[in-house]
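Shared chain: chain A. Partners: chain B in the first complex, chain C in the second.
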Partner chain A sequence: MDEVSIELREISKRFGQTLVVDRLTLQIYKGEFFSLLGPSGCGKTTTLRIIAGFERPDSGELFINGSRATHIPPQERDVNLVFQSYALFPHLTVEQNVAFGLEIQKLPRAQIRERVGKALELVRLSGLGARFPHQLSGGQQQRVALARALVTEPSVLLLDEPLGALDLKLRQEMQLELKRLQRELKITFLYVTHDQEEALQMSDRLAVMHQGRVLQVGTPPEIYERPATRFVADFIGESNLLEGHVVRTVGQRALVQIGSLQANVLSDIPLQPHQRVTLALRPERIHLCPPTESNGIWTGLVEALFYSGKETRYRVRVSPEVTLTVISSAVNGISVGERVGLTWDLQSLRPIPERLP
Partner chain B sequence: MGRLRRGLDALIGSMLVLDTVLVYIFLYLPIGVLILYSFSASRYALVWGGFSLEAYRRLFTDRDVALALLNSVIVASASTALATLLGTMLALALERTRIRFQQGIEVLAYLPIVIPEIVMAVGLLLFFAQVLRPVFGAVSPMLTVLIGHVTFSVSYVMVVVRARLRDLDRSLEEAALDLGATPWQVLRKVTLPLLTPAIMSGALLAFTLSLDDFYVTYFSTTGGSGFKTLPLYLYALQWRAAVPPHVNALASLMLLASLALIALALLMQRKAQLSR
Partner chain C sequence: MNGRLLWWPGLLWLLLFFAIPVTIIALISLAHRAPDGVIRWGFTLENYLRLVEPLYWAGPFVNSLLLAVLTTGLCLVLGYPVAYSLARQPRAVKNLLLFLVILPFFTNFLVRIYAWFIVLRPEGWLSEALRALGVDLVFLGSPVGVLIGLVYGYLPFMILPLYASLERLDFSLVEAAHDLGATRWQSFWRVIFPLSRSGVIAGSVLVFIPVLGEFITPKLLGGGKVPMFGVLIEEKFLGRVPDWPLGAAMALALMGLVSLVLIRSFRYIKESRWVG
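Here is the complex of A and B:
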């Protein structure tokens, strides 16, 4: 896992006045499933297109498998892109689509036929080789696009929201398929998505992007449990964000004042007294209890309640200026207007270190 | 009130129908008469003399007609081939590359469609008389006609091909590049095959335009050669005291050929749209 497959160094790209990719630095290791996660318009596609060679960065350097690739034309890069729109050749059959890259390499006919057959088998499309793309469903087209990109055995596969156009069920099925493919082939996957759940489920590591910048890189638990910025805390899952200042610190512990309330925080970043700090608290990490049992943490008034079957979502006012969202899967008979106590594990309340967005 | 209103609506409705019928009669009556008279037994084109296929028989045995037809087909085929090649290249250049003076070149490429044909024709006449002949000496009239037809056909081919090229999903060409194809291979294996229907309909258009062109052909042959295409042949017949009836037959057949070509072009466009 140590060999670097793709490296971006301080890559920037402007379209007219807008800075679409902003000093992007990333290292993606060989054989890993790496996701680029961010909201629509944050520059994910542009980043992939820079790696594939369709856009030239204004500054910065790109390395593929250790050699400088910034100015190498797309046809000479050892990466294949699965386009968001699939971009299947409409005038060619499924078989011909998949064979395209191999024919360009002028492989012997028998070998092409064999590898195309294997690739179609891999994506479970054997038997549909003679069809044209417009005779296939969206999910099948998606698989053809995958087979076409995989058959030439690139060292990196770039996938641009490959499941974006599929309905939920097919999507979940394809997520498993993609993971299986990646494990079997041991190819580096660089996967672009705006769906945080998808990114968390599928990735070995992921980078969260916002306005052309990478805000945080890490494994899914690292990103979810220790969001580095307010944006990450809010975009990945859901967070209650609390603004306050440090009252005092004792070792790794700090007491933080949030309006009229106080909370104990366990911090792995250095905090100074009087420093302003934002705390993130996941709604599902808060437990509701009778107000008398809350052990000196907070109490509040249930203002609203949304029941959705597998969970219930509460809005609890804990002080005139602070309300918390709480998600609970327990059936506890709490109703609107009731007073409740709120508890959480100490390490669930996370100070956010950076002043980035 | 209601009844008056309904009556008025009905009246307006029937007037619209009548109007439509009149317009169509106006448009197609002359053509109908032409076809009808091509089956006339009379020795004169403008007199009805009972039904006969004589005009067609005469048409198919007339050497001058055969020669004019041959000339027309040669010129149309050659100019179509050239115009299709040049027009497609022009469309690719304008749509897929960034060239200097792009806007100026674009305007120049469209100009032959909008300027009156007679202006083109006179321009060509001057060009042949003042430039081509002084430089190259005597030039075959077939060649000058060919050059003339290419000049106006190129623009039409370019417009048709370019429209399709603009609709073409760029990511298809990028996907080919991504799979290792060189730009030349992308052109050959992806862009051109996808453009084929448009190129074919552009070619058909060029062929049709060439077949029935009069002005440019006329001015490109002035200089006293006996070179005639079908339209020139027909025109020359008009000057005889008595117009022979096979003029009608010839015109009817040309109409039929044009309709067939246009139908073919439409069919191909439809097919291209379906396969998208």
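Here is the complex of A and C:
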């Protein structure tokens, strides 16, 4: 996992006045499933297009498999892109679409036929080779696009929101399918998505992007459990963000004052007394208990609740200035206007290093 | 509302501007030629038989065919890059450039060809400039001059349908081709050109067919030294020795041939429906 497949060094790209990619530095390892996650307009697709070779960065360097690729045209790069729109050639059959890259390489006809057959088998489309793209469903077109990009055995497969156009059920099915393909082929997948759940489920590692910059790189648990910025904490899942200041520290522990409330925090970043700090607390990591119980950390008043079957969301006012969102899957008969106690594991309340937005 | 009501404007148009004129021509082609050159109504096939027998029209017809093929080919080669770059411009620029392509139509065709007459004549600036470079080319009265006029006159008819089909082309397909290793040349021949086929065919038809019947350009720029089929027909009606029935028969024969070309072309366009 140490060999670097794609490396971006200080890549910047401007469209007119807008800085779309801002000094982006990133390393993607061989054979990993890496996602670029961010809201639309964060620069993730532009980054992908820079790697594919369709956009020239204004500054910075790009390396593919260790060699400088910044100015190499797309047709000479050992990466293939699966387009968001699939970009299947409408005048060619499924087989001809998949064979395209191999024909460009001028391989012998028999070998092309064999590899196309294998690729179609891999994406489970055998038997549909003679059809035209418009005769296929969205999911099938998606598979053709995958087969076409995989058949030339690139060292990196770039995927630009490939499941965006599919409905939920099909999307979940294709997520599994993509993971299976990536495991079987052991090639690097660079996946661009705005769907945080998708990114968390599928990736070995991911980068969260915002306004052209990478805010955090890490494994899904690292990103989810230890968000590095307010934006990450809020964009990935949901977070209660609490503003406060440090009262005192003892080793890694700190006591933080949030308005009229106090809370203990276990911190892996150095904190100083009187320092302002933002704390993130996941709604589903908060447990509700009877307010009389002595192990309740805070108590509060249930102001609203939203029942959605598999879970219930509560809005709990814990002080005049602070309300917390709590998500619980337990059926506990709590109703609006009731007083409740709130508890959480010490490590669920995380201070956010305030360097980036 | 009854959907058939919408047929009427089209049917009326066809009747007024196609069916009735063609019927008149057909009737003339079946009439006799009076000694004074005009027509005596009747029913005879002699005009068509005259078409089959003496092959005096064969030379001009071959000229027309060759010039039509050359004009179509040159318009395609010259018009394709123009249409492609037009289609790739931002919308505002696109509309302006498109307007410039159509602009010549605001001037009478005859006037524009006459303008070429001035440019191409031996003492015109083009000939002088070429002579200064040591090239002595006679344009007027030669097929080259006629060809220049024809390409000029019909280029927009090639550019517009090409533009229409290239404008619809999803450019990510070209990127996909590059991504899969295709060079510019390969992606052009394997993706762009096949996907613009309907435009190529429509443009070629729009150039080829009218050029086949052209008579103004060869008359003005050919000076009677480049006989074309259209000129021959025109002379049968307006020339010094008129022969309307023969002219009508020639016109209908040409129309029959053109229809065959059209039917074949439309079959190709129909086959490439998936493009839209």
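Following the convention adopted for this analysis, the second predicted complex is superposed on the first by the 355 of 357 C-alpha atoms of A that agree within 3 Å, B and C clash if a C-alpha of one lies under 4 Å from a C-alpha of the other, contacts with A are read in each partner's own complex, and residues count from 1 in each chain.
The definition used in the following text is that a residue touches a chain if its C-beta (ideal position, glycine included) is under 8 Å from a C-beta of that chain, and two chains touch if they have at least 3 such contacts.
Computed from a predicted structure; not experimentally measured.
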### Query
Will chain C clash with chain B on chain A after the two structures are superposed, or do they fit?
clash
#### Entry: Partner chain in contact with A:G212 - chain B first, chain C second, else both or neither
neither
### Task
Considering only the touch criterion stated at the top, classify A:I104 as touching first (chain B), second (chain C), both, or neither.
both
### Task
Go through the superposed model and pick first if A:F54 touches only chain B, second if only chain C, both, or neither.
both
### Message
Quick one: is A:P283 in contact with chain B, with chain C, with both, or with neither? Answer first, second, both or neither.
### Response
neither
### Query
Taking the superposition as given, does A:Q75 touch the first partner, chain B, the second, chain C, both, or neither?
both
### Message
By the touch definition at the top of the document, which applies to A:G237: first (chain B), second (chain C), both, or neither?
### Response
neither
### Task
Using the superposition on chain A described above, determine whether A:G43 touches chain B (first), chain C (second), both, or neither.
neither
### Summary
chain A residues where the chain B and chain C footprints coincide 52-54, 73-76, 80-81, 83, 85, 87-91, 100-101, 104-105, 132, 134, 148-149, 152
### Query
If you look only at chain A, which of its residues touch chain C in the complex?
52-54, 73-76, 80-81, 83, 85, 87-91, 100-101, 104-105, 132, 134, 148-149, 152
### Touching residues on chain C, where the partner in the complex is chain A
170, 172-173, 175-183, 186, 190-191, 194-195, 272, 274-275
### Summary
The answer for chain B against chain A in the complex is residues 169, 171-172, 174-182, 185, 189-190, 193-194, 275-276
## Note on the structure
Listed in rising order, the residues of chain A that touch chain B in the complex are 52-54, 73-76, 80-81, 83, 85, 87-91, 100-101, 104-105, 132, 134, 148-149, 152
